[in-house]
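Note that chain A is present in both complexes that follow, paired respectively with chain B and with chain C.
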Partner chain A sequence: MSRLLKFNIFRYNPEDAQSEPHMQEFVLEETDAMTLFIALNRIREEQDPSLQFDFCCRAGICGSCGMVINGRPGLACHTKTKDLPGEITLLPLPVFKLVGDLSVDTGSWFREMYTKTESWIHTEKEFDPEALEERMDNKDAVSIYELERCVECGCCIAACGTARMRDDFLGAAALNRVARFLIDPRDQRSEKDYYEIIGNDMGIFGCMGLLACEDVCPKHLPLQNQLGFLRRKMGITSLKRLFGK
Partner chain B sequence: MTIVYAPAGKSGKWDGVLDWLQMLSGASLILFMWCHMLLVSSVVISPDLMNAIAWFFEATFMAQVGGPLIFVVFLMHFVLAARKIPFRMDGQKAIWQHARMMHHGDTWLWVIQAVSAMCILVMGSIHMWVVLTDLPITAAKSAARIQGGFWAVFYLFLLPLAELHVGIGFYRIAVKWGFVKDKDRPRFKRGENIVTLMFIGIGLITLIRFLFLATN
Partner chain C sequence: MQTIYTDFLVVGAGLAGERAAVQAADAGFSVICLSLVPARRSHSSAAQGGMQASLGNSVMGEGDCPDVHFEDTVKGSDWGCDQEVARLFADTAPIEMRRLAHWGVPWNRVVPGKSIYYKGGKQFEKIEAQEKEGLIMARSFGGTAKWRTCYTSDGTGHAVMCTMDNRCAQMGVEVHDKTEAVALIQDGETCFGVVARCLRTGELRVYLSKATMIAAGGFGRIYPNTTNAVICDGGAHTMCVNTGVVPMGNMEAVQFHPTGIVPTDILVTEGCRGDGGTLLDVNEKRFMHEYEPEKAELASRDVVSRWMTHHMREGHGVKSPYGEHLWLDIRHLGEEHITGKLREVYEICTSFLGVDPIHQLIPVRPTQHYSMGGIRTNKDGAAYGLKGLFAAGEAACWDMHGFNRLGGNSLAETVVAGGIVGRKIAEYLEGCETEFKTSLINDEVKKQQARIDVLVSCANGSENVYKVRRVMQDALHKGANIFRNQEGLETCVAELQEALVRAGKVGLRSDGKGVNPELAVALKLEGQVKMALMVAYGALQRTESRGSHNREDYTARNDRDWLNRTLAYWKNEGDTLPTLEYEAATEVVEIPPGDRGYGKSEIISADTPKDAGKKGK
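Up next is the complex of A and B:
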């Protein structure tokens, strides 16, 4: 006999003037290898077609299914019900704009963040489509790849106490993004250029080291190590700037 | 290269320097707290030892100059670190809600740090004032104060609050600046917890020793 799972799900439709934020209960029989992706789809099909939530790849790749699962931000498609207690509370990710129920708009946030951090290679070199690609040290390529694995799910932002207290805080995904360009030899920006972007309390010096980002990231990005690396780099840059070098 | 940055005009020229000062003021206070523990708990070995150490600090003017200096560092650290504490109601509500939602140890540690900080600000100031306006420091005078009852209770609160704040601060500096990497974090945290408990233990033993010390 499989478990009966009790779901408490946040319901609110900001488009509907009648709608009030509230929690709604659903009961569902657990099946083998059930993920929250499967559970939510069954609830929508069998019990309430108006339930809103986001999914796309159902394999932890697209990053669209981030939500707060029993208090912790995580990917719904990545979470097996057998790892959870019989009562499961689902909330939308805080910080991001609510679309409705469990669905939030992470896209606009990341779009704005990429503009703010100028998240592209800055170079004066003329691009020659005929030429062979420039070679890069394998070690650099591997470290860049490691940081590129971010799926932009927004869990690290929703889990960050600093981001919740201050809405101008860039957050771990953004700082990780800057670290990715900082180690990229093709990007000609200097440390002082990066200081203009993250060398302030909205950036790396705002981070209080609560490490919730590190602990929730479903892709296990090395956020703690990157934040430490950036703080040291930018800390040293701040002293260099102070003494006018 | 000319780059036009989106967050224009928000250069944090001083933010980096302030972060250094926050860390360094915290670190010097940690160092101070360790020395402080050495001085005070030496009474457990012998009151004469404590008197000798106190005498040394005064003969070298470290108490007269160092004491007020520590107080200045203490206030500086308060001003710097308080930049991170939400004093407005919405910020307070956000962090409490967040901590309760997350069930996340390190987030709670920060809440403890901010709350203990406010208590230390008031109680630490009172304590420093009382001790530094009544030099020289002697084991007998301290014992008399504590046996009065009020100060015993006062220290019973201040001791764990201060040790928690110092312990968490030490851990935080290590992870924030990347001196401790992700792989070593669990072990480092456990070690830090044990050290904090040990310090609280030594502090309690010291208080008990003072309670039963002859005061003449």
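Up next is the complex of A and C:
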């Protein structure tokens, strides 16, 4: 027979003066192919319509539904209840500002990150609508896309000890973003320019390399490789700077 | 009350909204995009397949040009589109793809030499030309003559969305996410901006602008089963419906996608069939080639969806606890291809179904997918009915899709239309002086606050918002689905009218404080039911079959009486039905109505005399 699932869900509505942070219990009968998306919506529709959480694509592609699921940051829509024990504890992602219950403000955090990393192609070239596109090796395109797959869910930030201690730490998602532009032949920034952004304790030298980030990334981005790659590149750049090169 | 002023306000930060925003920002105007979610989470990011543009770099696209793309689009629309707009689109698409490459999209590129591809389950070989090396590659996609779909692996929408949002960040376009527009500020002639609800605090906020654009995407969530994201609920359309003066075009034109997975309705891309995936029935036998000998699985989506439903009705469906379905088979494409080019599909199957598509079949059925209908605009993107109001992307009925849009054409539309309409808006802003009337603004805010108060205090009743929404969705599902007929549509309209009465009596069960999600649903429900009625009533009146609109009792396409576009208004608040008006489908005719070359070809041509008419039963 199907299980009765017990959910312990973090509740707090900062807009309600009477609300205090607390855990609330909900019980729900498990159904076939149930995901946390299905479960949370049923709880909201059937038991407590004020429950706040974020879903959008419900298909693991938009990154909206990051939360801490039994102690581990992950995408809720991507989590099948049958892979979880009968008692499920859900908390909002730390580091990000709480909006209410399980909903956090990832949008502001990531927009700030775009500005810090100048997350766009830097080029002097003008677009010419009459001309053929500039050629690119397909291998380059594929490698860029590999890193572009980040859905900005924030799981890697929430899992990172450094990011939790220091709110000026860029975090794996931002470092990965820098790597994405670094390997893009269209971006004319030099290694020195990148060094300005990440060659410090807020950036690559603040990373302790324990790789909680890669562990939780739902898109399985090769964060370990990228962090290593940046550390080497920036290490060399920093040596060059030391010797005035 | 916080009031924010900007030259150009965009409701929506998906591809269409941000593309237009970039264009206006480039011309020196201040721009703010509103969005329910951070821009990159917009539903554009979920499009896996790709964007059509006739670059003709692949050997399989040799000889392609805007003319061929235009022809495919018009045929695809079943001659329901505005041909001037379709032409504008086909001509501009290649330039937009190159522009995106310049801005940073990692398009897959041509790799010269031999490679293998699949069609209809068989293996073929192609040789890409040396001189095309490194140019933008294309793949095959349903309903097109050539390989024309530009892609980045299977995350095209995501990759283009990232680039576009990067460009916005670079240009200083502000995106106010977690902000929901709830009403237009307008006086029946001009639009002055919107009243919005902040989804961080629950407070109302006023946005004033000289030009306002709706780029809020589709409204699939008025159906119970849809591939659309949960935020594609038509909330922004309801703002226009509620003005009484802005018409919705062709709301009855709803597209169903052949391959939504069962049970969650998540889409698996058309690329699966494009790359050679096949459809199988309960006996694990192919069937599409029997109905469509030439195109088989690659016929346009309305044709494939229709035959799938037909085949299941004939008793060849696979029974499951979630209803009947068919199988999609991609096993023969091999592990490398499935975990490479089709990785998202692989992930969807393993994570949400527990199915391994390298070795197992994928359960699929047709499900609501795309809204051809929407806010009717002219070719410059200006909405009918209100000055200063524009629309683009899936939210709009610009109308290059008519009664059926081709796979890969809508993602391309977002950037093409975004660019064209953005340019027109910049021109409009150039010579624009606007006076904002405080009384008008205050009245609209008061009206919205009053609606909220009524819902929170249950002053009109205490109907459960989720239950009434369900009634609306089920009515559409039963009556206004792939196959339609008079009886079903009449029942549907009656059920929706009842739902409309109940929607007026909704009261919240929770306290409505802060970012209350129940309140957000309740605020748009009445408007959604009105839209559902536009779909059903428009479909009931349209006594022909065209594109995705299939009447079992009027099976022919009727160019004599119905070569036109429905314009649906909700003229008075107390009305129980929309008011329907009609306009010619297209002023400019490059390709006169004819046979599509696929699907059934029963046509009542414009010169058929009246009484020879009805072919229906």
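Definition applied: the second predicted complex is superposed on the first by the 245 of 245 C-alpha atoms of A that agree within 3 Å, B and C clash if a C-alpha of one lies under 4 Å from a C-alpha of the other, contacts with A are read in each partner's own complex, and residues count from 1 in each chain.
One rule holds in what follows: a residue touches a chain if its C-beta (ideal position, glycine included) is under 8 Å from a C-beta of that chain, and two chains touch if they have at least 3 such contacts.
These numbers come from a predicted model, not from an experiment.
Engineer: Would you mind checking whether chain B and chain C clash or fit side by side on chain A after the superposition?
Structural biologist: Fit - chain B and chain C, as placed by superposing on chain A, sit side by side.
Engineer: Have a look at where A:Asp193 lands relative to chain B and chain C in the superposition and call it first, second, both or neither.
Structural biologist: In the superposition, A:Asp193 contacts chain B only.
Engineer: Which holds for A:Thr115: it touches chain B only (first), chain C only (second), both, or neither?
Structural biologist: both
Engineer: Should A:Leu239 be classified as contacting the first partner (chain B), the second (chain C), both, or neither?
Structural biologist: Touch partner of A:Leu239: chain B, not chain C.
Engineer: Contacts for A:Arg164 in the overlay, against chain B (first) and chain C (second): which applies, first, second, both or neither?
Structural biologist: A:Arg164 contacts chain B only, not chain C.
Engineer: Based on the superposed arrangement, let me know which partner A:Asp201 touches: chain B (first), chain C (second), both, or neither?
Structural biologist: It touches chain B, and chain C stays clear.
Engineer: On the A-aligned overlay, A:Asp48 touches which partner chain: chain B = first, chain C = second, or both, or neither?
Structural biologist: After superposing on A, A:Asp48 lies in contact with chain C but is clear of chain B.
Engineer: One more residue to check, A:Val99. First (chain B), second (chain C), both or neither?
Structural biologist: second
Engineer: Let me test your reading of the model: by the given contact rule, A:Gln224 touches which partner, first (chain B), second (chain C), both or neither?
Structural biologist: It touches chain B, and chain C stays clear.
Engineer: Shortest C-alpha to C-alpha distance from chain B to chain C once the two structures are superposed, in angstrom?
Structural biologist: Superposed model gives a least chain B-chain C C-alpha distance of 12 Å.
Engineer: Output the chain A positions appearing in both contact lists, the one against chain B and the one against chain C.
Structural biologist: Dual-contact residues (chain A): 115, 118.
Engineer: Which part of chain C faces chain A closely enough to touch in the complex?
Structural biologist: It comes out as residues 36-38, 40-41, 43, 45-46, 95, 97-99, 101-104, 106-111, 133-137, 152-153, 155, 158-159, 162, 165-167, 169-170, 175, 177-178, 199-202, 229-231, 263-264, 266-267, 321, 344, 347-348, 351-354, 465-466, 508-511, 513-518.
Engineer: Show which residues of chain A lie in contact with chain B when the two form their complex.
Structural biologist: Going through chain A, the ones touching chain B are 68, 70-72, 91, 94, 115-116, 118, 122, 124, 159, 161, 164-166, 188-189, 193, 195-197, 199-203, 205, 207-212, 214-215, 222, 224-225, 227-229, 231-232, 234-235, 237-239, 241-242.
Engineer: Across the complex, what residues on chain B touch chain A?
Structural biologist: These residues of chain B touch chain A: 1, 3, 5-7, 10-13, 15-20, 83-84, 86, 91, 94-95, 98-99, 101-104, 106-107, 109-110, 172, 175-179, 181-182, 185.
Engineer: Inside the complex, what are the residues of chain A that reach chain C?
Structural biologist: Those in contact with chain C are residues 13-16, 32-33, 35, 44-45, 48-52, 54-64, 78, 80, 99-100, 103, 105-107, 110-111, 114-115, 118-121, 125, 127, 129, 131-138, 140-142, 144-145, 148-149, 151-152, 184, 186.
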